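Both complexes shown next keep subunit A, but they swap its partner, so subunit B is in the first and subunit C is in the second.
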Partner chain A sequence: MVKRKCFKRIIPIILVMVSLLMLTGCWNSRELDELGIAVATGIDKNEEGEFIIIVQVINPSEIATDAPTTRPPVSSYTITGKSMFEAFRKLTTKSPRKIYFSQMRLVVIGERLAEEGLMPALDFLYRDHEFRTSFYIALAKGESVEKMLSVITPYEKIPANKIMNSIKASEEAWASSKGTTIDKVLSALRSPGENPVIGGIELIGADYPLGDNKMNVEHVDAPTKVELDHLAAFKEDRLAGWLTEDQSRGLNFATGDVKSTILQIPCKEKGTIGIEIIRTKAGMTGKTNGTSPPKLEISVETEANIGEVACDMDLSNPDTIDYLNKETEKEIKKLIESAVTVAKEDFESDIFGAGNVFHRDEPRYWKKVEKDWNKHFKEMDCEIKVQADIRRKGNTTQPIDKKG
Partner chain B sequence: MDNQTISPRQFMFLVIFFTIGSSILIVPGPVTEQAKQDSWMSILLSILIGVAIIILYNKIGELSAGKTFIEAFNDVFGNWVGRLFSSFYLVFVYILAALVLRNIGDFMTSQIMPATPLQFTHILFFVVVLGGTFLGIEVIGRSSEIFMPWMILLLLFLFLFSSPQISMDNFKPILGDGVSPMLSASKVMISSPILEMVALLMIFPYVKELKQTKKGWIIGSVIGGSVLLGITSLCILVLGSDLTIMNTYPTYRIGEKISVAGFLEGLEIFIAIIWMMTIFFKLIVLYYASTVGFAQFLSLDDYRPLVLPLGMGTIILSIISYPDVAYFESFVGEIWFSYALSIGFILPLILLAGLLIKKKIKQKGA
Partner chain C sequence: MKPSGNDSSPSTSASRPLLLDLNESLQLIETTMGESSDLVVRHMQIGKTPCAALYIDGLVDKETIQNFLLEALMLEMPSKRVSTKHLYQIIKETSLPIGELKEVDTYEKFFKHLLSGETLLMLDKVDKALAASTRGWQDRGVQEATSESVIRGPKEAFTETLRTNTSLLRRKIKSPELRMDSMSIGKRTQTDVVVSYLDGIADEQVVQEVHRRLEQIDVDSILDSGYLEEYIQDGQYSPFPTIYYSEKPDAIAAGILEGRVAILTDGTPNVLLVPALFVNFFQSSEDYYQRADIGTLIRILRLACFNIALFMPSLYIAFTTFHQEMIPSSLLISLAAQREGVPFPAFVEAMIMELTFEILREAGVRLPKPVGSAVSIVGALVLGQSAVQAGLVSPAMVIVVALTAISSFVLPSYNIAIPVRMLRFTFMILAATFGLYGIILGLIGMVLHLCSLRSFGVPYMSPLAPFVPKDQKDVLVRFPRWGLFSRPTSTSKQNETRTNPTSKES
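Presenting the complex of A and B:
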């Protein structure tokens, strides 16, 4: 009996011991001081067709302290490899720490890779378990990815954060670009009725030799800067061309991605009025009506304020507001039309997702054209309906030079 | 076997866990692959068919009068024929337990702990299951009551925080490819978990109050089915049918996409917790059913001596059951339905026929 009691007491102790052994941590635990935390990754191809990977890692001692040293806040490592995965693993030969990708904010893709096809790069980024899907994808315009990711940026210590924040801010206030995440690109790629667009970034002052040096940010106006550019249109996974600023905004209007932007409307005589778009709602519907070609209807409803008046107009007159509404509608229509035209004629690529609209609204018609949608897209008619409502005119009731 | 009993409410909770467990990993992808954006309708259909199947199970449970599935077989068909039938059933439940264990192991190794060997994940997870089985059905029932609020909380959390990313257009076109893909896709959920619920017939006699139990089984499976419906719809609405098909674990991707006010991010592990909890209960029910069933098959007085040796077998079976993920996908897609149908539907039908005939004979004799 005594023996049994003893035994009963020993068993829990053994269990606790065993659990202690098992529960100390994961099999391959990695401590924070053994990791290099990547914030941005650049992917491109070189002339030999190998992948070039540029990884920007933060220097924690630089970011976290109050007494900065002379070392830069981020370092970047460049490596080439026959495949993405190989290159990523070969990074360990250059970096002192294993690179950790879960906190990555941005992937910059080079133009050469974009021309050859994004698929291999995207597949790896989506398949590997260490990447979260919340990072943005941007396309480097005109300059090598390597250079873009080695610029030290003013104001934001981490360049990747600077680019990400610029994308977010301009998406909300100007709408000429768009933050694209990997799943948006992939779902556009996978669906036969849509082609992806990706926002571009551009390097200003690439000639300045010290862009990758802290010297760069010791100027009031940093000589080398990374700026946002407009959208790049893809056909399948290959770069088809760049949209202009107006076309980008037109596309964003049509897809309902405009949160706010500014439009310049001509006054009746001379000068312009700046209209601030504060809210938009957009929808697309597809109609076949038995007639060919099919018709895509884009309808945009928008609410706006008068933001800036540089001419002589009587703003207290409802007719003026009516006139401005009409002009705003015309302007938005013009933007969308330019985007539709360039998509249909120059890129031959359905960046609007019109195919998906037809799939949704006219599934029977879609079945017939699904296989060669790009051809049908070119012939598609497009009707654009815009309704603008200007509601307020800011703090002043009239133009300030109006005598009244 | 034991004199342990559980309440109808605990039974209902076990049914809910059983329905969600592992199916939450397996169902959304394949159903969407066949039915595209109409997969929610397939699942709705499966729930309806499921209710009919559970009414059948309930009838068997009622007619067996306090006997488990295996005891009832022996009782009706005699020692030899009964044992032949019940051996099919036992193998099914035992293999299913190993497959469910492998599901969670595959998930852990591919998403959370890639360098940990599969065996260790399996052993660690299964040790808890063995402990629970050893302690008996009462403990299992009570722990289901403890964990249910957590699961509800986490599910609410998931639905609430991913709702801003919902786009209703993803449901369109409704029935764009006609009705037949939608109908055939409902097979997926009927085979897992609905027909797998035949394992619950091993627990059925241990539940008090027959009438409440029957009701609890139906309500539980409808609730569990609705959770699967909700999860699959969420996948389609947030990711779109294309990405739902492409992802091995679409729900996990939704968790990655949750972003509340810019600071509440990267909450995919919450979803992993739901999975582990539900799969734990499914596994423990299956394993309990197979050990108790095996003990009754061998006419043992106590099932406990079997817990450890059978458990070792399960772990090994779970490792060797399939060589790679692609094999498993095709196995689930092509074979599992017919297998589950023969064990989960035809076998119960045979038993039901036997039970009814026996009842008739008895009435005549009396």
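Presenting the complex of A and C:
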């Protein structure tokens, strides 16, 4: 009797299990070979005001293979649509597979879209569940997004990976660029006391006709390549202008985003010394003191090493180190100043986030100026304090041509 | 022994007292045995008393019968002229130089002794018979363990003979407290079963429970301890074993020393050990013979392998068909490249490969050794490599299945690998239906089930759930020998101290 009861209980369980087996394949399961894995997306607008979407999809069997064929490692699909969502859905008419965006590494934004305003494009990227928020955003400088995303890159088979890795590497070693994720851009856009900056990418050798062909990478020095450019400053969500290399580094010094970079310091007589920045700590404070204009204090503390000495200097003398500290401080100050000037005068855009500093330090003052902060930012005073500290001199103490 | 309902006793004369008349008695015995050819009846005459010695050919040691029974009776006795009654008394007390001698008075006992290899001596006009222990038959002898091999530690294994097995235990534990409670189960096989434990250390309640469950068994035959296991285990419908078995005397002795109860069955080298906890199946006797640090690391490895063997294929299915965003990009690309052109969905692919592996494994177990290598060649080369080259299966899937298979062999107990083998398929179905969500759902169900199990009254997941801090010294981490100062509280509630930690060299 007991056994019968148990069987009665087991039979429905088995039935449920069997019906589960029948139901597999429904829901949102997708096999890997049904996916078109997108690694980069380009977004721009055409003259009619429609969105142009370029999706770079990898060709997995071409990337992970021992026997490459003539097919390119990535393919791209271009589509236009009245809205981003429409355009993305219309992609299915061009691509044989459903495009899968969760592994996307890079979004490239065209200059036309940047000038008209980023918001409509960013909203979709942030809202749709399939997009991760960890991808980098870059701005295509001077050339169409379509061309940028059609270049076959040497060394790295996936062009999007190449761009992303360059951004990461240069951010860490040279500090003229900045990896900007959608979170960073949106938080800058949404706060009234800060405007976003986005790193730029540039196409070299755009005139060479075979950039989108595998022949491009058959050259030792590929004629067409994508390189990193400097930062682009935005005012609200519109492009305000491009910073130069020095200005970009100045901005990164002020915001504390420099991990490491190289500064060229003039020697006492002739020649230069290369200083390697190894650590920086930056802080900003805002002061009003009842006086107008308000004053922003940028203080930077940095540690550095001597990396290269191309002149005759006695490095064992503490005075020399003092001199080098002073010159390093001066150089950093110069970089920051140039960035502040261009932001205040040319772009009239608070890319430093100074508004947020005043919001924090002088809330009462901030309430008064919050609405037209950009105008007040233009009149703001800026004081820059830099403290440099040289730690190590490398493997040799003195310059190699040091006499005596 | 027990009231038998449907099965009648082997003989109608079974429980009758022995007849006085020898010839009548012998006739009754021969009819009962159906004049079996292996029944030997040796008639003889001691003085004037006719008597007979009976034994089963093949179950007895003929030399013993010759030297200590027949010689003693036939060559030395005739000189004494005494009455039959006295004769019986003299034979019983002085004349038989044999260690074990019992008196039987019913046919039931008579046949039991006769059929277990003893020689029965019957005298005319005496309603009792003498059972002399002359057991001796062909057996394998103590050999190296075949299913549980070790690098360091004792290598001997139990045999099919119960007495040999009990002696192996006695040799390890020379304590008068080692109990060997014997009983016979199976109406027709009359299989001897011995319940062995350390009195004063084993939990009384567990011992009583073992006896109760064994006595309850009403069955015609017991051929292996597996028969017993199915009758006495908890959680009859659970895939998880609640009884541990081993063929290594040292493992069983260690269990007994922890206060557990061993059940030895005649005719099988596999000795049962109860109560068995989940963690016991991850402890190998070798853990205690090697250094503590490596013992600990290997235990962690085993637990990891348990999880790999159980979840690896299902996780692969879940990640590749539902959660592609959780795979690192470069890995995803190489997986996607491998899947290009594979005609089956990942789930079907995994099912095919797992079933193929189970088929190969089963074939390998049953095949005679010379053919076994052919199977492995066909399996490894034809199915593994060719299936990949033909584009039927992706290489990653072969790796997953191979890793799963190897991991399941890491588990020291064959018993615990069985639920892993079965549940793996359940988890694969869950993964193919609901992705990670399904796997977690299944995992929750499995853990709930494990926590609800008990083995002879002890919670199956103890000392993890319920958590017993004191017993953690021999679960995931194996403390050094001097640190295992007390017996596990879950199996032994009395006399807990095992060692004085200060007795180590400081």
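One rule holds in what follows: the second predicted complex is superposed on the first by the 382 of 404 C-alpha atoms of A that agree within 3 Å, B and C clash if a C-alpha of one lies under 4 Å from a C-alpha of the other, contacts with A are read in each partner's own complex, and residues count from 1 in each chain.
The criterion applied here is as follows: a residue touches a chain if its C-beta (ideal position, glycine included) is under 8 Å from a C-beta of that chain, and two chains touch if they have at least 3 such contacts.
Fair warning: this is a prediction, and the values are worked out from it, not measured in the lab.
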- Query: So, A:Ile400: does it touch subunit B (first), subunit C (second), both, or neither?
  - Reply: neither
- Looking at the overlay, what does A:Val220 touch: subunit B (first), subunit C (second), both, or neither? neither
- Partner contacting more residues of subunit A (subunit B vs subunit C): C
- Query: Looking at the overlay, does A:Arg132 come into contact with subunit B only (first), subunit C only (second), both, or neither?
  - Reply: both
- Partner chain(s) touched by A:Asp33 [first = subunit B, second = subunit C, both, neither]: second
- Mind working out whether A:Ile14 is in touch with subunit B, subunit C, both or neither, as first, second, both or neither? neither
- Query: Does the superposition put A:Leu186 against subunit B (first), subunit C (second), both, or neither?
  - Reply: first
- Message: For A:Pro60 in the superposed arrangement: first (subunit B), second (subunit C), both or neither?
- Response: second
- Answer with first, second, both or neither: which of subunit B and subunit C does A:Arg360 touch in the superposed model? first
- Task: Would you please give the residues of subunit A that touch subunit B in one complex and also touch subunit C in the other complex?
- Result: 27-28, 102, 132
- Query: Which part of subunit C faces subunit A closely enough to touch in the complex?
  - Reply: 237, 320-322, 324-325, 329, 332-342, 345-347, 426, 429-430, 432-435
- Message: Per the contact definition, I'd like the list of subunit A residues that touch subunit B in the complex.
- Response: 22, 26-28, 102, 129, 132-134, 183, 186-187, 190-191, 359-361, 363, 366
- Message: Quick check on the complex: what are the subunit B residues that touch subunit A?
- Response: 110-117, 120, 124, 169, 172-173, 176-177, 239-240, 242-243, 246, 253, 256-257, 259, 265-266
- Query: Can you list the subunit A residues touching subunit C in their complex?
  - Reply: 6, 10, 17, 20-21, 23-25, 27-33, 35, 37, 39, 58, 60-65, 100, 102-103, 105, 132, 161
